[in-house]
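The structures considered in this document are given below.
Shared chain: subunit A. Partners: subunit B in the first complex, subunit C in the second.
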Partner chain A sequence: MNGPPADRETLEVDVLIVGGGPAGMSAALRLAQLQKEKGGEQLSIAVLEKSREPGAHMLSGAVLDPSALKDLIPDFKEKGAPLASEVHHDHIYFLTKNSKFPFPITPPPLRNHGNYIISVNRFVKWMAGLVEAEGIDLFSGFPASELLYDGARVVGVRTRDQGIDKHGAKKSTFEPGVDIRANVTILCDGVRGNLTKALVRRLALDEGRLPQIYALGIKELWEVPKDRIAAGTVIHTMGYPLRMEEFGGCFLYAMPDGLVSVGLVSGLDYRDPMFDPHIAFQHAKQHPLMESMLRGGQMVRYGAKALPEGGWHTIPRVYADGVLIAGDAGGFLNSMRLKGLHLAMRTGMLAAETAFDATRANDTSSAQLRKYEDRINNSDVRRELYSVRNVHQSFSYGLLPGLMYSGLSLVTGGWWVRDPMPVKAGYEHMAKLADYYGDNRPDVDVAVRPAKIDRKLTFDKLTNVHFSGTRHAEDQPSHLIVHDTDICRTRCREEYGNPCTRFCPANVYEMVDAGDGTKKLQINASNCVHCKTCDIMDPYQVIDWVPPEGGGGPQYEGM
Partner chain B sequence: MILVVAEQREGKLNRASWEAIAAAQHAGGPVKIAVLGSAVDAVASELAAAEAAEVIVVDAPALEQYTSDGHVMTLAALIAEEQPSQVFLPHTYQTRDFAPALAARLQRALITDVTALKAPRGAMVFVRPVFQGKMSAEVTAEGPSPHFVTCQIGAFRADAAKRGSAPASVRKAAIDVDASKIRQKPEAPFKEAKQAVDLSQAERIVAVGRGIKAQEHLEVAEQLAQALGAEIAASRPICDAGWLPMDRQIGSSGQTVAPKLYLALGISGAIQHLVGMKGARTIVAINKDPEAPIFEIADYGIEGDLFEVVPALIAELKK
Partner chain C sequence: MKIAVCIKQVVTREWQLRVNDSKTWIRDQDASFELNEPDAYALEEALRLKEKHSGEVVVCSAGPARASSVLREALARGADRAIHVEADALASADAFAVADALAAALRDEKFDLVLTGLQSDDQGFGQVGVVLAEKLGMPHATIIMEVKAEEGGLRVKRELEGGWFQWMTLPLPALLTIQSGINQLRYATLKGIMAAKKKEIRKVTPSAAASPAQKMLAIHFPEKGKKTQMLPGSPAEAAKALVQKLREDARVIQ
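Up next, the complex of A and B:
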């Protein structure tokens, strides 16, 4: 990606935080606090964020467990934390196509008393203000494209070159990336972060761990008549539109002033290669339960993002020489409670404490940074994640076994005969068309279970993409690198029917006429909403998501 | 009094200036028009055709080439002298460059990309797009006057600008423009792409979409464009495929246009395209798919095969 050596600037800091999400912002704030508590020479801290402004790429449901927030910012209310509504009502339903069946009790992990419905975009923007008020350098619009190493030791990152055209040539606006060198780099680059992915592979940090299992969350923000749903209402559903073999469910969170978050989370470990999560979401909105809430309202925002749902056994080693991993990048998410924000914040704080001590001790070796793992093991993070360590894995065996195991785990503390429960990577679950459909091979260019699109309640992907506000400089190399597009035309078309055209929720991948009667892959890179699903779910694992030019990507205002 | 800031480059008036004049006239009250530059007498007399109290020319060598400092400095001085209640500008690239700095310098409200005025004789309400054009917000300006208002290209009709019965008087304002205070040094202008076109100036546009199917079929669209005296443009997939250069692309990642006539050939009408052309006065859509969203905004829709309809149109135009 980076061209020939140019006049590359270098910046040196003590602690570099890559990614300005809840984990990164918490790490930055915690470092500032430690600095104040313990005094001594001022640490230089920098936060890198790829979005144009802080929070722009933040997407979550979201319900916040405030436990980490209370510890990090005890006076968060006085400081004006944008918490849209406290949760007042919890509902959970099992859906069939036209009916709903309330669960007799709300399972304890899904009880949200004391939690808050938030816009994670607003929340992170607020945190960014606190970070900047501490005098910490927050560089937004600067994606990190690669890690800098000294042997096996991470010594910082290089930001992406700006101003390269489609063909790789420098434009008049060319600016080489900057090398930011740090004693400790804290990677908070989110779910399937590009740097974390490279680091884990290079240093084999996932050795002895289970493969991560992901899900894709698709969400819309709606404005509905103000008196329709009480603010603080939380609804979760299982069942329709997903089938027994598909993991996931819908959520609907009501905020004040008729603002409603509605979405579908579907496991990226589905079998049917024709499954289209975006279409499933349209079916979900057409269900009477959802339709009755949304009818007459207006969709104002759209977005999608993958989430790491594998849990405890899939978390890689989160430290190495000069580097720590926190938040979604490390897989710190409780899929049973559908919550990761508080774990991102907590691990960001613990990483900051470790980085602070290490910098002060002038020892940022792996042996020293290992204390991060000890901190995690002694914290609520482990207590919370360990007991549900096999939950998502159990759903890999189907909805009913999953539900039964989940219930059992509440009693047994997560124990299972085979612990960890064995599991394959999500993309390996996808069946070939021939195996799934047998002799009834579907037309792969047409949806198997289409949804009626009315552009009022239901939308096509392209219209939805518009509402993500995503923008990229057009004249730049594709940031979705498909290493072998021949596979798309030949093997993949035959074996899986180009599932990228379906699992991508932003219409990035299209098979278009090649002019000779065959189809070829077209990548609409500027539609990308940075959800990372393609990088995760591609059955041949030939797609690499790399960051586009700084500032490119969605604009998740209010999401 | 409303002051309209007209835009010129190398002695050529930007057509969008007339749209700002039309908006200002619509808002009511006397209108003055300012133009900045060096040796811009021809532009000034062109503007004098408008029904306006006067045309004010600030002529200074330092203004020969556009700089944001030059514009901010000069207009700040001119506004102090003239005390307008509002300042209207066309929402051009140049305006986008200097207007925020000017408004900030004077600590006055700036309302950008305005598409309509409401209750123009009471407290003025401005309509501007939000959520990338999906919705419109009605806003009013707060704080002391003047308020700065930029008018979206195509939202007001240039030909609706009232012409005066006699040319308006042209006056040269005595404003010193101190070249040493201009921090920008303009380089020689260059065009990123060869033959860059400014489609926003086109009166008629023939735009093609995926329905054209193959590059060689573009010819039929080009013939139609020629017969109509129109510019050729395209929706995103055509430019992505490299069939037409990117500067012909219309939509959220291309240009925004508002011609008198917009002919959409085989364009389905994704919202990304619509936001770039919905300001066109008359939209004619030809598409095979009766469900195509383009028909929702078209004034005239032809459900049919463009390869049959377009040659028939060309034949008719040639008669």
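Up next, the complex of A and C:
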């Protein structure tokens, strides 16, 4: 797909940041600060972001622990940080189908006083303004398609070629990708980032680590009558619509003017191959607790994104020659507190400090960049993550063992008899239909636990995708590469019943009639909301998510 | 050839519109914006003309502060400089007021050619171009599908109804409103974005803005036509009533 090197332009920078999310923006701002504090020759810094405009692919609950923000931008209030509301009320419930049981106390990790409910889309857009004001080059609409190496050393990235048609031929507007060469590349490419995934595999950075465990977050933004829920209210639930064997829960965060974020996070380590997270979310909204909050309101946005929930033991080695990994890409998320923004920001800042020193010392070798790991170990990042290092792993043994361990870990500091607690990759938990359903094999083209869709409270996937603002140029190769579509119609259909048609929250995967009485896979790539679930959860691991043409993807305004 | 391209920032097509409280415009506080599509083609056509005949491409937008992002985008694609007629009221102003603001900003520069998109994706009157031509005292041609520069003027292809086209010639200076699809849009490049940072965006405050000639009374979503009516009575009576309705109300049978 890539043209000869002769027609490729090259851009040289000192530090390249790939991914303009909270981690990447924090890294850029921290570099600009260090430059001002320490003087010396001006560093050239560039940020690459795949979305059309900054923040467009940002999706989170979101409740922000402002600890890193306070350090990075002490005058964030004067600078107009868009913090929708301070958290005033914390509620946590265990739900059964029709009832709710409040937890007698709010567990300390879920106490949110001092935190803020935010739109991470607006927050990152605000940060982007600060980054650009520092004169840093922020390139929106430019995905990085591959890392550039010199032996085992990362020397930059190549941006994606633009203007290739769906058959792989160059269009008249073809624009070859640019090689951006950097002394240090900071990968902030988010959960299951395509570059981080390739790097970790190539350099075996996950050796001796546990496999990452992910969850899928599905979220809607609602506008409800203004006096219904006090701004600053945070509600978390466990239990229904998930079963004891499924990890996760719902969230509902109330912002001013009747804006409400509501969502379901479900572990991507479920057993039942017929489980459909999007349908589970519809059931969640029909629960009396949620329904009473949303009734009469209007859904205004939809989105979905995976979360790295594995915690401390799953974080790969986050440095190598010429490269650092920060934020969700590295798995810096506290699944016990359901928070990752502050850790993304903090690791972005620490990566920036390491990159700055390394560039100044003219040594960006692995030995020098290792100081990033030391910085992490001496920071709140380790203090916070180490004590909850086995939390999601414990839930892979079921809800009750998970809850018991989580409670215990508050006393024991996270210790467990077998530490790290052994765990398999999430997709390996999925059972085959025959093992899960025995002789009662369900019709795999029909939902096992369907939800009633009324298009007021509950929606089908296609309607939801419409509300994600997703757009891709139609005439381009599919950015979802299924390496063996034969598996889909043969083995997978028999063994798992094509679970991609269920775990994808955007109706990208469909099994359609092949014309000979069998079904074949159809990939509706232009629906993709870039959540990465298929890349993560496919039981045969034959799906590769690669970035589509620049600017493609959702438009998470206000999310 | 000194070319001006008038561009507008509009709400993205994917945006789920909501009507504001006074029901006179959309709620655009948290909307996402982009360059109006026909204007992108107008810009591309101007860049191609410049590449062929040399000269200068100046982009101009009349809109609130946020509109500067589409001007920056145009500069990144290759426009040489930009003029921003900045006023909040221009966000939903009528064609007359917008054309007036643009004309004031463009008049003194003596452009050879002024291009606009055929119409905007939001209000869609398709009038700014023609009113602007009138105010600048230039001839104009609309719905342009091809532009050829000739000795002393232009030869342009207009799109008519029913698959018909019309070729016509105009002297310069002139104004053309460009139809989407006239060319293939180029991609923004990293070098273009970096170069755009050094280009000028001149801000202009509209002096005595023309008072709007039109007033938006109300906007609303199309009413959904689906209505269910239950016909009472025995099956025979209901069938009779149904046939009558199909014949007289719906007029789908004779």
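Simple rule for what comes next: the second predicted complex is superposed on the first by the 554 of 559 C-alpha atoms of A that agree within 3 Å, B and C clash if a C-alpha of one lies under 4 Å from a C-alpha of the other, contacts with A are read in each partner's own complex, and residues count from 1 in each chain.
Here is the rule we use: contacts are C-beta pairs under 8 Å (C-beta built on N, C-alpha and C of every residue); 3 or more make two chains touch, one makes a residue touch a chain.
The model shown is predicted, which means the values in this text are computed figures rather than measured ones.
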**Asked** Overlaying on subunit A: subunit B and subunit C, fit or clash?
**Response** clash
**Prompt:** With the two structures laid over each other on chain A, which partner does A:Gly550 touch: subunit B (first), subunit C (second), both, or neither?
**Reply:** second
**Message:** One more residue to check, A:Pro442. First (subunit B), second (subunit C), both or neither?
**Reply:** neither
**Request:** Tell me which partner A:Gly141 touches in the superposition: subunit B (first), subunit C (second), both or neither.
**Result:** second
**Request:** Considering only touches as defined above, state whether A:Leu462 meets subunit B (first), subunit C (second), both or neither.
**Result:** first
**Item:** Comparison of subunit B and subunit C by subunit A residues contacted
**Value:** C
**Message:** Under the stated touch criterion, which partner chain does A:Val178 make contact with: subunit B (first), subunit C (second), both, or neither?
**Reply:** second
**Message:** Just checking: does A:Arg471 make contact with subunit B only, subunit C only, both, or neither of them? Give me first, second, both or neither.
**Reply:** both
**Asked** Touching A:Val300 in the superposition: subunit B (first), subunit C (second), both, neither?
**Response** both
**Message:** Output check: A:Asn524 vs subunit B and subunit C. Expected answer is one of first, second, both, neither. What do you get?
**Reply:** first
**Message:** Applying the document's definition of touch, where does A:Pro211 land relative to subunit B and subunit C: first, second, both, or neither?
**Reply:** neither
**Asked** In the superposed view, which residues of subunit A touch subunit B and also subunit C?
**Response** 172, 300, 466-467, 469, 471
**Residues of subunit A defined as touching subunit B within the complex** = 172, 300, 455, 462-463, 465-467, 469, 471, 474-475, 512-513, 515, 522, 524, 526
**Fill in**
Listed in rising order, subunit C residues that touch subunit A in their complex are 12-16, 18, 30-32, 34, 69, 184-191, 193-194
**Fill in**
Note: in the complex, subunit B contacts subunit A through residues 131-132, 134-135, 192, 213-214, 237, 240-241, 246, 252-253, 270-272, 275, 293
**Prompt:** What residues of subunit A sit close enough to touch subunit C in their complex?
**Reply:** 9, 11, 52-53, 56, 122, 137, 139, 141-142, 159, 162-163, 171-173, 175, 178, 180, 298, 300-301, 466-467, 469-471, 550, 555, 557-558
